[in-house]
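Input: a single structure, listed below in structure tokens.
We call the chains A, B, C and D, going by the order they appear; numbering starts again at 1 in every chain.
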Amino acid sequence: MIKKVLVANRGEIAVRVMRSCREMGIISVAVYSEADRRAMHVRYADEAYFIGPSPSSESYLNTDKIIHAAKKSGADAIHPGYGFLSENAAFAGRCLEEGIVFIGPSPEAIRSMGDKITSRRLMTEAGIPVVPGTEKINSEKLALEKAREIGCPVMVKASAGGGGKGMRLVKNEKDIVGAVRSARSEAREAFGDDSIYIEKYIESPHHIEFQVLGDQHGNIIHLFERECSVQRRHQKIVEETPSPVMTQKVREEMGSFAVAAARAVNYAGAGTVEFIVDDHLNYYFLEMNTRLQVEHPITERVVGVDLVKQQIRIANGETLDIRQDELLQFGHAIECRIYAEDPEQNFMPSPGVIRHITEPLGLGVRHDGYVYEGYEIPLFYDPMMSKLIVWAGTRKEAIARLRRALYSYKITGVKTNIRFLERIMECPDFVNGQYNTHFVDKNIDFLLFPEKHDEKIEDVAIIAAFIDYATKIKKREDKIFSKNGKSNWKDCGRRISFMRY
Amino acid sequence: MIKKVLVANRGEIAVRVMRSCREMGIISVAVYSEADRRAMHVRYADEAYFIGPSPSSESYLNTDKIIHAAKKSGADAIHPGYGFLSENAAFAGRCLEEGIVFIGPSPEAIRSMGDKITSRRLMTEAGIPVVPGTEKINSEKLALEKAREIGCPVMVKASAGGGGKGMRLVKNEKDIVGAVRSARSEAREAFGDDSIYIEKYIESPHHIEFQVLGDQHGNIIHLFERECSVQRRHQKIVEETPSPVMTQKVREEMGSFAVAAARAVNYAGAGTVEFIVDDHLNYYFLEMNTRLQVEHPITERVVGVDLVKQQIRIANGETLDIRQDELLQFGHAIECRIYAEDPEQNFMPSPGVIRHITEPLGLGVRHDGYVYEGYEIPLFYDPMMSKLIVWAGTRKEAIARLRRALYSYKITGVKTNIRFLERIMECPDFVNGQYNTHFVDKNIDFLLFPEKHDEKIEDVAIIAAFIDYATKIKKREDKIFSKNGKSNWKDCGRRISFMRY
Amino acid sequence: MEIKINDRIAHVEMISREEDRVILSIDGRKYEADIVMVENGVYSLILDNKSHNIELIELENKKYLVNTYSKSYNIDIIDAETKYLMSRRKDDALEETVISSPMPGKVVKIMVNEGDEVKAGDTVIVVSAMKMESEYKVKTDRTIKSIKVREGQTVNSHQPLIVIE
Amino acid sequence: MEIKINDRIAHVEMISREEDRVILSIDGRKYEADIVMVENGVYSLILDNKSHNIELIELENKKYLVNTYSKSYNIDIIDAETKYLMSRRKDDALEETVISSPMPGKVVKIMVNEGDEVKAGDTVIVVSAMKMESEYKVKTDRTIKSIKVREGQTVNSHQPLIVIE
């Protein structure tokens, strides 16, 4: 039985994991870098171990230091959170060797799913649909043949590629040869390797993922989908469940495939099977994340399951205590991620000291954060400060609730994307559930330039600043007064107070 | 359609009502007394109207001032919250006369249920079990007869009574005449009226209540029970749903009676039917609260319904959009009330300025509060600061979660009952679900004196105080130093920082 | 130096301090701690790799209310200055006593007049706050020296209400 | 007195102030407001019975960042002293320019040397913060006067990185 868990992470996820540990009576151990002495996970944990300088490579990514802290603290298990070492097969293997439970799947499962080509092959073998595409191609003739087979539009991609180099979108068959030729030439130039491959181009892609849980005894279930298509620069910012485009039939199909995907790698733990889905609900396996996702709370809320506790129970060797047919989606949940960033400056991160926070509270609101007043967000890590998760009986009510929560959520000292998120909740495409991964780009003008010039509100701002200034001036004057023993401010105050009735 | 709601209340409930208004796109109007200019409900509302001096009688209970504010603001409805004017039939009637929607039941329903004798008669007529008892009795012979009929133990109570005067518990029939005699004499002395009545004494009473909703078209449903037996001085402090003693059969019976009770007064709105229940699940109607209860959130959480929105919809004349057979209790919810009070000083209220708050967050936690850092809790009103509501799949997990939430809930500046609540969650009688309204008295030693003397923790406290003191002394010295231009503190700091690796 | 915590007097010595790292001894036990103020009045203390959060409220100079997770403590710093003042004050002790309320409230009733002689257990004043009335009694036979407030008056916590001798 | 809000200059006069009740005029419009500081830097303002919450961050003396519900404003108080200073400063303006980063970060690359002549649009320095790199460019043809930082160095927000002329 796991009695003490070292959380090899920081920020909101470290705190979130420790909360579940506390509920289970498990002692939590934090590790922290130089920059994180004051971080909330260090304060929240039962124990805390310093592991090195601020850059992640010298602390949170340093396997030796983390294993050393685990040994020193007597932790019998390590929870990796998300990011950092969470999908590092070597680290998972190292834990095994050291006799420490890694709260996650086996190194083999991580390795198989971590490699695009292996996972694609495994999925194809398991009968799970993947994005139609080819292996490496070196002939224009073969390319044309394959493109016909797949059907346009297709993407021509450089095998060695990256950063959009050697990539061509082909909408008509007749353009395929020219595209292959120029892609190869560009790839040769850029990477010294002109092999390319062809993949079906999904025009209006949705990013929809399924949560799965598998135990060590071969039981695997899925906990339905999450719609994660609201992204900027491939970074999810709003997620919801159920997906507004999903049907019950497709949900069941995709759920079965998600379970099959996990089964193909003997998956034990919590994982997420990501699909790319087009407007006609054709879906293709994209990848599997072999860890907890940032957006796991919306599933927790709608399904009523604590995923971290499930992870720990599974790591303990326990049998899953939930059956697939017991699960249901109850109501609707939306999460949005609060970043320290400036949407008006191309989402540039805005680190700094948190001056003041007003957290949204009340019915249907969950808030998973880690910053506090006086805390300085370090430069070294992700600028996400918190996640706001709301639940309501219906999607419409959930959107209204999220707007209400965002309205009363204030963080000063750093710039945030809170207003940007509010605009998403007001955006007709989102409200109508008609969006895909192009949502942010398509609606960027709506999302970024909401305000009409409102002189009345400007005047309100002016009044506040003016009064603050005037009060300071007055205080300075009073100080001089009172030194001369001539202040009659108090008497005056009393008189006025009296006059109010 | 209601477009603007004046909330005739303060504190957490005012803010809670306004939150639902905001989600519905309804403008909220706050009213405030002299003491409440800085209160959260004034800050949260869209509009705010000053209504008078701090004592409730001159502000929140002053019908004229509230009606005047409603007229001036153009509010088309008034939500009374709980307490204050919420069960004042005359106020509800006045709203009607003024053409303002009162968000609550009719004046007649309030009046009928507000009067013990009327409501008892109405319930008896409707076939709802009430605590067996008598009308006024003036003869010892009749008293003996009736006591035999009801069966001991019984309570002899003075008709004009109050404060325990003229009250006698009779365990054996043979003591009845003596008890009646002395009760009458005491009643004559105290109230100048020696009439008494006899009621069955419920030995181990549970306080269990049912939430009901009725619309203006005769549809009435119940939303299951709340167990409210954890009380001190007849003040509920912890509530949970489902009740740990309830069975499905009794739940259905009591639910039907609750609906019948509401139907007996043509109830429209949200209301609560309170029952007294003995250890054998015999239950008796106690009273009906014709308003929202403090503890309504646990029902909201388990049933998934926003009760304030339902109140507003009903007041709008809409038909209930929930059918009885659609409702289910999903998981388990517990609420506890956070008071500014000192449990070790007989729960004496502890008003003052809030210095620092750390709110509990995360999975399954709802926090409905209204105080903030720098806020001074006024002397004039209830010392309840907030309500902490947790949900989990099971009762056991909910208790663990509440302990976790209370653990990280910190309020300084005033004394609070947080540690006391934690002890309740650790108390075997509560954990086993074996408690009734005697719980606090029975377990007071356990609840109040938890700590062993722990010198190690004392030393930790000493270190913190000592370092704070030493830092201040050092700063004072540095100031003197730096005035002489001799400080080399910074260089020293740098050197040490460097040496840490 | 001495630090009073509730009824215990602890002897405390700073052995070394380098930034957040302090070494000190309390009643002969040596502690090596890492302590930082993380929020206004809130310290994070790591001691033997255990993480503690401690909240400090300075009631007055050198007097603290200290909240650890499980308990509140009243702590007095007894440095040389305090000791000196304490020794001087000894003579004045017990000469007169002040009745005050631990919390702000409103004076409901004053049961005595100046010059009255009261018996042990007699209630001298009733103060209400937040829906609750508290009666303040004398513990021994005393004489009412002066009454500092009037009925209906709002009073602060620890404000002198009645002086007895 | 004048108050600059973004690009607008507003004329503000206090007409009266009694405790929290103020009457003032802004560009000739008269406002009667009830304003109190409820939290450190947070004001509650009731104006024509509308409730506003305004957060103020004093960036430097007489310069505020003001957050209303919907928008952030930069506000400068232009009192007599400021005016005087502004008039004196005018002559010095535009003589040299400092490139700085609006947020703290790490210098990734410096693309120029002191004395270099750079063209409009040229990148002179790259700074990274929180997983993102930002390139800083010159807007017109300029000469690099001095380089204040080195590659790999951690820099604060608004710290001068490169001075151009």
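Points worth noting:
One rule holds in what follows: a contact is a pair of C-beta atoms (placed from the backbone, for glycine too) under 8 Å apart; a residue touches a chain by one contact, two chains touch by 3 or more.
Just so it is clear, the model here is predicted, and its values are computed rather than measured.
Farthest chain from chain A, judged by C-alpha centroids: C.
The geometric centre of chain A is 32 Å away from that of chain D, both derived from CA atoms. Separating the centre of chain C from that of chain D, both taken as means of CA atoms, is a distance of 46 Å. Multi-chain contact residues of chain A (touching two or more other chains) are listed as 44, 372-373, 407. Counting partners per residue, chain D has 39-40, 53 as the residues that reach two or more other chains. Arrangement of the chains shown, judged by which pairs touch: an irregular graph that fits none of the line, ring, star or complete shapes.
By the document's touch criterion, interfaces exist between A-B, A-C, A-D, B-C, B-D.
Those residues of chain A that touch chain C in the shared complex are 30, 37-38, 42-49, 72-73, 372-375.
Within the complex formed with chain A, the chain B residues making contact are 15-16, 19-20, 22-25, 34, 44, 53, 297, 300, 304-306, 330-331, 358-359, 361-369, 372-373, 392-393, 397, 400-401, 403-404, 407-408, 500-501.
Of all residues in chain A, those touching chain D in their complex are 340, 345, 348-352, 355-356, 379-383, 407, 410, 412-413, 419, 450-451, 454, 457-471, 493, 496-497. Within the complex formed with chain A, the chain D residues making contact are 1, 3, 5-6, 8, 10, 12, 14, 17-19, 22, 24, 26, 29, 31, 33, 35, 37, 39-43, 45, 47, 52-58, 62, 64, 66-71, 73, 75, 77, 79, 102-106, 129-132, 134, 154, 157. Here chain C touches chain A in the complex through residues 20, 34, 36, 38-40, 44, 46, 49-51, 53, going by the rule given at the top.
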